[in-house]
């Protein structure tokens, strides 16, 4: 495949070894100007210190650092939470939800600087390449996409370090790195190392953020969340923006070892991978939202919300954020969240977040319920008729069979 | 509604206050012979001591005690576990799964003694009446069904006790009973009392079986389950029948406070109720089965299994066991479970059961995977083509819009 | 069951035999004032001639005739069409969609006249009672509901006629009426008579509106529909309101025998019924909308639209219009319809409406597509990579099995 | 990409221009022996005349012609029909169902002759390459797959003819071919030509098999199908094998112009295509099966069957025949088909196949139904209780809101 002609490329730059190599590699292999784009999605202030200088030192002509933390939580995470999505029953989609907000901002930088190409540092075996390029296809189908990991022949950290050394590009990366991690305000994921055998239990190194539940406080702690239209709007009585609410809950969750999962999952590209994920604040939020739903959603609505959650989990995981289907599924979830208002007390104890108290102005379960009086709302004798009709098809079928 | 003519009725008898009243009430109000049927579903040996004498003393002409423990686990619980069903995301269907096996055995007793009617002691506000009568409609549409709680005007325990006292029927039941419970080998449920307000946290009295996680051992314990075709067949290396496996796991689960949930759920009859459920061994089993599925099911199969789980949860909860739809959904789950073989180590610690190690001969994730070699099974360059086609519709749509 | 105390009741009045009896019956049995409410949903001008006088003559204190034709099509039918709902694969929900608009208007009349009860003339074996009372429960839970057919002991037309004669209430109804019909602007349904055996084919009397396809013109006719956001907005180049568009298409459909179906369906109340439905204009509309969707919806969106269609068909059929779930499902359909814009030519010929030409500005299939050029949008070599990843799980599974 | 080493390849050979080129091309480019494999799936006897000689003349070392007609209908089509699958609401999957049976037989030939590779003549823009290679991945992951259309640079019929002429390989193919067709016992598809614009109506050349409905007999014809467990087992009283039944119904369908559709569909590879499909006998079969289901399936089962139908349509279309998910979905459909027994009369008239009479021993609608008597099976007063519970959540919600 002959290489496309590119004049200026915007690369999603993290400051790590891979993307540090990508900058000179793009210049050498495509003869183009390279603009670095850094997304601040809450991966940690220490990751961003001096990053612009680093990018320039690697050969970038410019470096844009964009703060996406509030947007990530408000426009990507909160809507997803309303759907109740857990990928394959467990994973709270931390990496998946961050990719579209990053890709969108990257396209915006590309438009601003008049770039004709986009590049990312995702490998060819993972989901993220699909998420980035799926977003690019929807938002900037006219721009070329370069995925160096699928093109170059560098195959080890040593080769990458040599590549930089040969070009006198400074890099603080170490030669060995056992685990592969992704971090943002919502979660940290860890892959590799001992996790490569599913018959190994995760060890202490597999967890990067939360306290080990066994080391967590022996005393439970309680936190109160206020929920409006399926969104957490206050923590312990204090109104907070989505991002602030997440930060506040992360702090509590980390302390009590909340939100650790260890999962073997199906990647979109057809293989399985195994990872440890930590989502401390998010796990508390999900427990709270589901608790309010228990009060508010009727049986059929609850079932549909569960179905929506499965669909949403795949759409978000699979990088389909900017598609009509994602919008349709989320529109359904938004409608269901209309009445999801209330307050929930969550108990935090040694790795578990458990809703212990919950109330809602829209509760279909209500202390006043009994006072409606039997004849007003529910008459036990109604049940007899209900059951007859409810089981009528069974009865007819059984009577038919008895006649044979 | 004039009463139907009945000669001999088989009543599902528990030895408790309600069903003790039902026996004389049926005789007086229907002028019929009453046969007591007691299902042993593992509710506890103490519940069954002297139960035949008690039934006869209450006026039953005969009393049949049928051991359904193994059948319950083997033919009702194990198939349901393969579907991955959690009702409304949480409830492991302990009461729901027991009703059909009881109803079926009750019908068999009715056929044996030549009865023309069936009776149960379920109230008119709950799900169990629907489950019993749904089963009766499918299995014995020719038999009359009597639901005394929907007919009589006894409304308190006091009235029930008076009713028995007036007839000199001995009864050890106490005047007050705060919580309503249902127990079998799989679970114990608790409703009523402080739980009636969703803003009350459960207190110690709301839990009848498992140790409080805060009082559970400070040392984690590990247990190994062997899974074949989606069924637990051995515990810690010892082959066990379904019921025996459950008993073994219950013992461990109880000790570590495993399997407590506190849920507000939608009853089939249209109202919400709140209950605390304890399913110690079952929770461990579910964790193990889901862990093997993580290794074995491909992405699309996993998603379908999740959908099947939602459907199954409603079918079982709603008393539709003996219907074509239940059979169809379970046939789908059986097919998916074909490859669900493996071994799982579960860590038990202060209320949590967590799969820490897992392996399967059918694993799509495998230590040997890497050795297939890049060119044999996966070539990173394939991903580029995959992504182009995968996002083609997005690209065409975006190009269309750009042209406008 | 003792009767509730009622002062003033609003009855859904059709002018037919049943509802003519209901007025005096309500007065005699409930001692209340009776207000007649007539919904004009396009059942035919002849049905409405002199209806107010008839209601007063039957004993009503007042009679309100409300024109709901435009509202029915705009707010109930059009949104349902976007979902693609066919109940049990065939039925276009003509009666089902009319019930909520009628019930809502009836409640509004009740509020206006200060009534404390609502009554309808639906029988106890059908769906309509559930649709009316489901709407009443959601819109006016404080009003009593009276369903005379479930209370009285009149069981034949003869008894109804006698009832009126005894009270000197004039009625033009005939003693015998073989078929039971329901008509509105959208459809006419026919039940009863020869249809009672499913082994009888429908005869000419089973069809009340459309020309027999065998008698329809031997020349095909073509009609062009313009579609915007999933709604028909113009017919043959003429912009029309929803109701006008339906009327225009009905005229053409009737002439060509379009929209006849003969179906055995599952009623919500557990039994099956058989009916012949005629939906001439509606059938043409559905064909046009689905044709535009073929151009516009991507694969995953199309599949979701099909699932949404099934769900919507049950929700509408089952009388769940005024529920959160219905709103959620329709919100999803609305989102998908955003791009459903275009033009369709429909061929009408002897009972068939077939889209023969279709185009859309949002078409993902486009004549210009080829001109994107192979290298711009689609490169055949991409397919190899796509297939490798798409079938990777199958390959790994097969390789695993080969190793055993 | 360097070419793999191949010794002997089995190519799916049709005798047409493309596959005639593939034989010498494989020999020249892979230096391997080429074995031709011809699947007889009912594409027409004329297509098979002298095909072995033709293959040998093109350079094949051997040619295997395998009769798959009965297997196609029995093991692929009949099971699919039980699911009720119409791809995107219309397409009866004629090409999709044939691919797996062909691929499976091709693998068997490869095993027999000891081949180490498989080849097919599908283009890189279509679905069939995915279906073949998906089957190969599941059945023969150890064999190499060669897809010449994705490798070579021949881009026109002219170049292909030149290629053969240069090698003195005789070929009767014409220089121009407007439409692309695929035929088997079940259907014929037509793409290309005027169909390339969706604003063109199909012309007479777009239909290759069935009589134009406008030219079909003016007299309707009736045919009776007997159905057992969801399969057509007899036509007009004559027991027939699946293939024979299809042949018999094709004959009638062709005469009456049955089974034409014109559809724009989403290909799996992300683009849309437009095709005309003719499925005369199959359309009659589907009408008959759905008619029996109307009698037999209860409401919830019918809804699930519809959902299963959508899933199955995608699985079959997408080439996932040999996957666990396909087996699971079909297991569900098989279970539902257990009671789908009966007889149906289908009216054939100018393009339409309409079930006019139907009966089943398992019918839940039955002439005898009424004779069960109101009090035995259905009491209208039951409906009141049913509705109260059915609408209870709506009522509680509305009462809640009224209190605000």
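We just call them A, B, C and D in the order they show up, numbering each chain from 1.
Methods note: a residue touches a chain if its C-beta (ideal position, glycine included) is under 8 Å from a C-beta of that chain, and two chains touch if they have at least 3 such contacts.
Keep in mind the model is a prediction, meaning the values are calculated, not measured.
**Q** Among the listed pairs B-C, B-D or C-D, choose the one whose interface is a repeat of A-D, with over half of the contact pairs the same by residue number.
**A** From the options B-C, B-D or C-D, the copy of A-D is B-C.
**Q** I want to compare two interfaces, A-C and A-B. Which one has more contacting C-beta pairs?
**A** A-B
**Q** Any idea how many Å lie between the Cα centroids of subunit A and subunit C?
**A** 41
**Q** Calculate how many whole Å lie between the centre of subunit A and the centre of subunit B, each centre taken as the average of the chain's C-alpha atoms.
**A** Distance between chain centres: 32 Å.
**Q** Among the residues of subunit B, which ones contact at least 2 other chains?
**A** Expected reply: 266, 269-271, 297-299, 323-324, 363-364, 369, 378, 381-384, 386, 389-397, 399.
**Q** Applying the document's contact rule, which stretches of subunit B touch subunit D when the two form their complex?
**A** Against subunit D, the touching part of subunit B is residues 1, 266, 269-271, 297-298, 300-301, 304, 308, 311, 320, 323-325, 327-329, 331-336, 338-339, 381, 389-393, 396.
**Q** Quick check: in the complex, which residue numbers of subunit B touch subunit A?
**A** Answer in residue numbers: 84, 88-89, 123-125, 129-130, 133-134, 137-142, 147, 149-150, 196-202, 213-214, 220, 262-274, 290, 294-295, 297-299, 302-303, 306-307, 310, 314, 322-324, 345, 347, 349-352, 354-359, 363-365, 367, 369, 378, 380-384, 386-387, 390-395, 397-399, 402.
**Q** Provide the residue numbers of subunit B that touch subunit C in the complex, in ascending order.
**A** Listed in rising order, the residues are 298-299, 361-364, 366, 369, 372, 377-379, 381-386, 388-390, 392-397, 399-400, 404.
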